[in-house]
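Scroll down for the structure; my scribbles are underneath it.
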Amino acid sequence: MRPPVLLDPALRTVEEVFERADLERLYALTEVVWGRDEVMPPEEFAARKADLFAIITGRWRYGAVQELPKLRAIPEVGGRHPSSAVLDYADCFARGIRVLSCAPAFGPMVAEMALGMALAASREIVTGHVAFTQGQEAWLHAGNATTFTLFGQTVGFIGYGGLARNLQPLLAPFAVKLLAYDPWLPRTHLAAHGVTPADLETLLATSQVIFVLAIPSRENKALLDRDKLSLIQPGAVFVLISRSHVVDFEVLTELVTARRFKAAIDVFPQEPLPLDHPIRQAPGVVLSAHRAGSVARDLRNIGRMVVDDIEALLAGLPPLAMQVAQPEIVYRLE
Amino acid sequence: MRPPVLLDPALRTVEEVFERADLERLYALTEVVWGRDEVMPPEEFAARKADLFAIITGRWRYGAVQELPKLRAIPEVGGRHPSSAVLDYADCFARGIRVLSCAPAFGPMVAEMALGMALAASREIVTGHVAFTQGQEAWLHAGNATTFTLFGQTVGFIGYGGLARNLQPLLAPFAVKLLAYDPWLPRTHLAAHGVTPADLETLLATSQVIFVLAIPSRENKALLDRDKLSLIQPGAVFVLISRSHVVDFEVLTELVTARRFKAAIDVFPQEPLPLDHPIRQAPGVVLSAHRAGSVARDLRNIGRMVVDDIEALLAGLPPLAMQVAQPEIVYRLE
Amino acid sequence: MRPPVLLDPALRTVEEVFERADLERLYALTEVVWGRDEVMPPEEFAARKADLFAIITGRWRYGAVQELPKLRAIPEVGGRHPSSAVLDYADCFARGIRVLSCAPAFGPMVAEMALGMALAASREIVTGHVAFTQGQEAWLHAGNATTFTLFGQTVGFIGYGGLARNLQPLLAPFAVKLLAYDPWLPRTHLAAHGVTPADLETLLATSQVIFVLAIPSRENKALLDRDKLSLIQPGAVFVLISRSHVVDFEVLTELVTARRFKAAIDVFPQEPLPLDHPIRQAPGVVLSAHRAGSVARDLRNIGRMVVDDIEALLAGLPPLAMQVAQPEIVYRLE
Amino acid sequence: MRPPVLLDPALRTVEEVFERADLERLYALTEVVWGRDEVMPPEEFAARKADLFAIITGRWRYGAVQELPKLRAIPEVGGRHPSSAVLDYADCFARGIRVLSCAPAFGPMVAEMALGMALAASREIVTGHVAFTQGQEAWLHAGNATTFTLFGQTVGFIGYGGLARNLQPLLAPFAVKLLAYDPWLPRTHLAAHGVTPADLETLLATSQVIFVLAIPSRENKALLDRDKLSLIQPGAVFVLISRSHVVDFEVLTELVTARRFKAAIDVFPQEPLPLDHPIRQAPGVVLSAHRAGSVARDLRNIGRMVVDDIEALLAGLPPLAMQVAQPEIVYRLE
């Protein structure tokens, strides 16, 4: 008998998350008692909840897990573990329920965007294009007065988590010297992964390209304040890709507007950003509307990972594709 | 006694081409009888020409090599071998004079720009930025309706020469499937380098990203005509990075304007391009004013290569950094 | 106040496991209440057990975890998680005690040995050397009648766990085609890691080199029996590196003795192996006395990992270097 | 009309050098006027020599090239350019005849053997196996008292030519620190290829593994004499893979016999080596009878390269697979 599974992609849709082949795999492995883009009607849910093996969802709205006695897995398809405000993790841990995040599906596409935006800024691909469409382009050397290549440069990672580990191989062919600042990680751990541990000040003051890759936490709110941002070298490129939470965005706007350094920004303190925000007109900036992690084909890796892990759990194995919620960390994330 | 060398960077400048350390190496290894940005006065040249060991120049203007009996090397610093219209290659080959091009210095920076422009088009970094500055950006999924990542894609190289070999490692972390069309090279040679040989039609019809990397020749003028360009898949990205010679640029403009595919273009049939050329306003295009090969720091690799090869020749070794003019090829290039 | 930690390397020694710098880190981060190669005297243990934060040990001999109310971590330094016969995992999971294995420290050195033994067999480095010392060596081509290189070969992994993932990058420069058989893992998972999923029969029948990398389980005892081993191609190399449990060793001995294929073997059904075991005299075999995972310098990565994870836990983070015991898997291992 | 080609593999055989597909390509592209393992009868050669386009041979025995007026290429299949004692290179250069060596075909297989022999010595795969067959094997740690892994080690290349460039990527996954000593090459050239230039003394005194990769020249005869070899660290591994010419072999034998360091040796001052040479019984040595470059399948890359370059020349292109004889170097090799 196939175990019953509820599929509620919530803020996403089934089609957005699943390739047909993976969906067919899910239907073959389990009994999908609900698999539509709307929420399961309460009475239907009530009728099946006692038997559910997994609830695949983009938003936890299924109450206390103690009323789901057979639940083994909560694979989430939104991009981050449910907040501890809505899901009782202690209860999940005690009951051996795997709370699984699809965050790893985003790593490659966000890392690619980080590289693309860094190059767009360092090689002035955006600025050069805009000038071109205005008939004001500078040719050859004249158009390269303030550009640089990545080859052999010092590059700094602020945060060395999953995203950093996806970006690192993309930078490898450029033979960069990698610095990383991550106060959560031992220096020996960083060194074992081929990056040089650095304090934040050194990293900011010596890197030609700086990638902000840290996940938001209670500790790192506006970590990059005026003092810190002022350390960045003239002409360097600052890539803000994980969360704007980590930076004092108004100071960043001010420094970029003053041409202190270049910036490439995919995440903002307010989204959509107000139309009159001055960063929109800052010189030498590359702006993207939180688009790094939403490429259609790649989002469907979520579905593959969900089904892979359900297949693993049914085979009596630990999950292997999604990120397992960890007791130490789940309570401290913003 | 150090051998006399003439240094005339012609269209470039000494400072543009040489880092201080390499220039010092040159002065230590040789007697630099002329090393300024202007041309050597004719009477001075006449006085020293009988002894010259090497003429480092951006433009051959030193007449017949038979009047330079001790000449062993012509390292050029412009980017391509002197035309056979101004330099008698047969005489050079007979006299064992090495005619050396600094073209390899450009490979890495042009390859990086090719990748950066491809990502700017595929991830719509340019389009997205322009929309953002106009207050019309689309957020998240809405801004990714027609984007794609490189991971696992089929990528086509038109031309598999030095530039292609510089681009290949930058694409390796994306695990692309590489096709190459190069009618000059045996299919077995391509396969031995890890690319799949393909005919031009197959390459155009199946690649998600197409890089034009071929050097111009008499045979490949407008090779990519209407029939060929029409094979490109809807939504694919066409990156024109080596020479516009290879493409019918007006047809390219027409197809990109009609949104048949995306394009990223660094080289143009006329440079500067007329202000009213319609490609300037084409949708989804990324335009760069022939800026791929002029990054200041990287241009100074030219000087390193020149001095490395003079050092090698003085040690009785073949050149090892610059591209040696080959009898088979020097007459057929445009 | 630094948390109290007990360090009992059991079958190993403190010096074997820890570099001085890591040990100093441990003493700085924690109060090491015991840190010698002998077991802690029972009365001393009884006096401190109520406060212990971690027990670092090569052998669990500390009774029920419910009597260790402050215990948060059991980092083991032997090489595998304690058996569920001696440690109550359910209790550990319920109490949030991290049971951590140093198995990842062995991956690189075992993978290197697997490559080295494969090359020793495929290039007949061992056989050629032995012949040489006997004055019977065959020179040049004559000594290569049955050798092969790895370049471009089909290579099969039986088991695609941590060891396989350490071996994969070492094989990458040889551009091998990688097949993997792992019944525990979804085919899509294997494909996402760049290996081609294969059934066991296909893998055995088509691979030029076969690596046995599977950990022993109740399901895979003597998986490679006569029928399976008979599928191996003549002249192929069979590398037994993880556990002999997986293979019918007597049949393997018989087939290698009959020169059906070559073998490189580091693990045996009985260790030490009886002196009269016929594999000792089999032709074309490479034998190693379970030496893949005991290189002195590399064993000290265990200490680094232990201290890194204690540092992480003290900082309120999940472990990041060692392998965390998983409820699904801990009960099914041999 | 297909150009006439003479194929005389001399010390090799047609079958040894050519895969069927490459041979078919040769017959399709050219008129093979002779293609057998014996030498062409003199009268037949005399009848065709005026028209020959290429002579593919393992041994130049065709007299003065001035009597071969249409000759364009001499692809050699033995492994090194013909000696300047038998071939008039000045005449070849003047006539534009490409003298091509198949040496690049050997790079990968020799590099693999160098790695395999290094691992056989460093991990004591050979010593461990021999002890095992004698019933004297030491298990686990006891068998690893003097072993080491390559990970993170300092590795020295003596000579940084084609072979070194083939070995470098095989070592890349081990994250070694690469030193290179090559007096023929500028230090800047080495640095540009990712290796640290070093003087010979520093390299010998600091490398854990030393690879002798230099081709023999008049200058480097017994370069590694007693003074130099005595600098090697106790327990290091010395891999002699290119030519024994470079080393004082009797001193090497003495030091290895005294267990000063380990050695892996594929090339000898006399081949076959006398049966009573003491290196045969030296402890900790790995001996191979000049077998690194004779793997059957890989030798057939020679044929592919020959036909690729004939195809290139017929298409009016420079050779691209084989090594072109260079005027600077062809006279100075041993």
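For clarity, chains are labelled A, B, C and D in written order, and residue numbers in each chain start from 1.
Please note the rule applied: a contact is a pair of C-beta atoms (placed from the backbone, for glycine too) under 8 Å apart; a residue touches a chain by one contact, two chains touch by 3 or more.
The shown structure was predicted, so the numbers you read here are calculated from the model rather than taken from an experiment.
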Note to self: Taking each chain's centre as the mean of its CA atoms, which one is most distant from chain B?
What the structure shows: C
Next item on the list: Indicate the whole-number Å distance between the mean C-alpha point of chain A and the mean C-alpha point of chain C.
Entry: 33
Checklist line | Distance from chain D to chain C - Cα centre to Cα centre, in angstrom | finding: 36
Next item on the list: Determine the centre-to-centre distance between chain B and chain C, using the mean Cα coordinates as centres, and give it in whole Å.
Entry: 49
Check: For chain D, what residues touch not just one other chain but two or more?
Finding: none
Checklist line | Chains touching one another, given as label pairs in label order | finding: A-B, A-C, B-D, C-D
Item checked: Residues of chain B that touch chain A when the two form their complex -> 16, 108-109, 112-113, 115-117, 119-120, 123-126, 128-133, 135, 137-141, 143-145, 147-151, 169-170, 172-174, 271-272, 275, 280-281, 286-291, 294-298
Next item on the list: Going by the contact rule at the top, pick out the chain D residues touching chain B in the complex.
Entry: 22, 25, 93-94, 96, 184-186, 188-189, 192, 301, 304, 307-308, 311-313, 315-318, 320-321, 326-329, 332
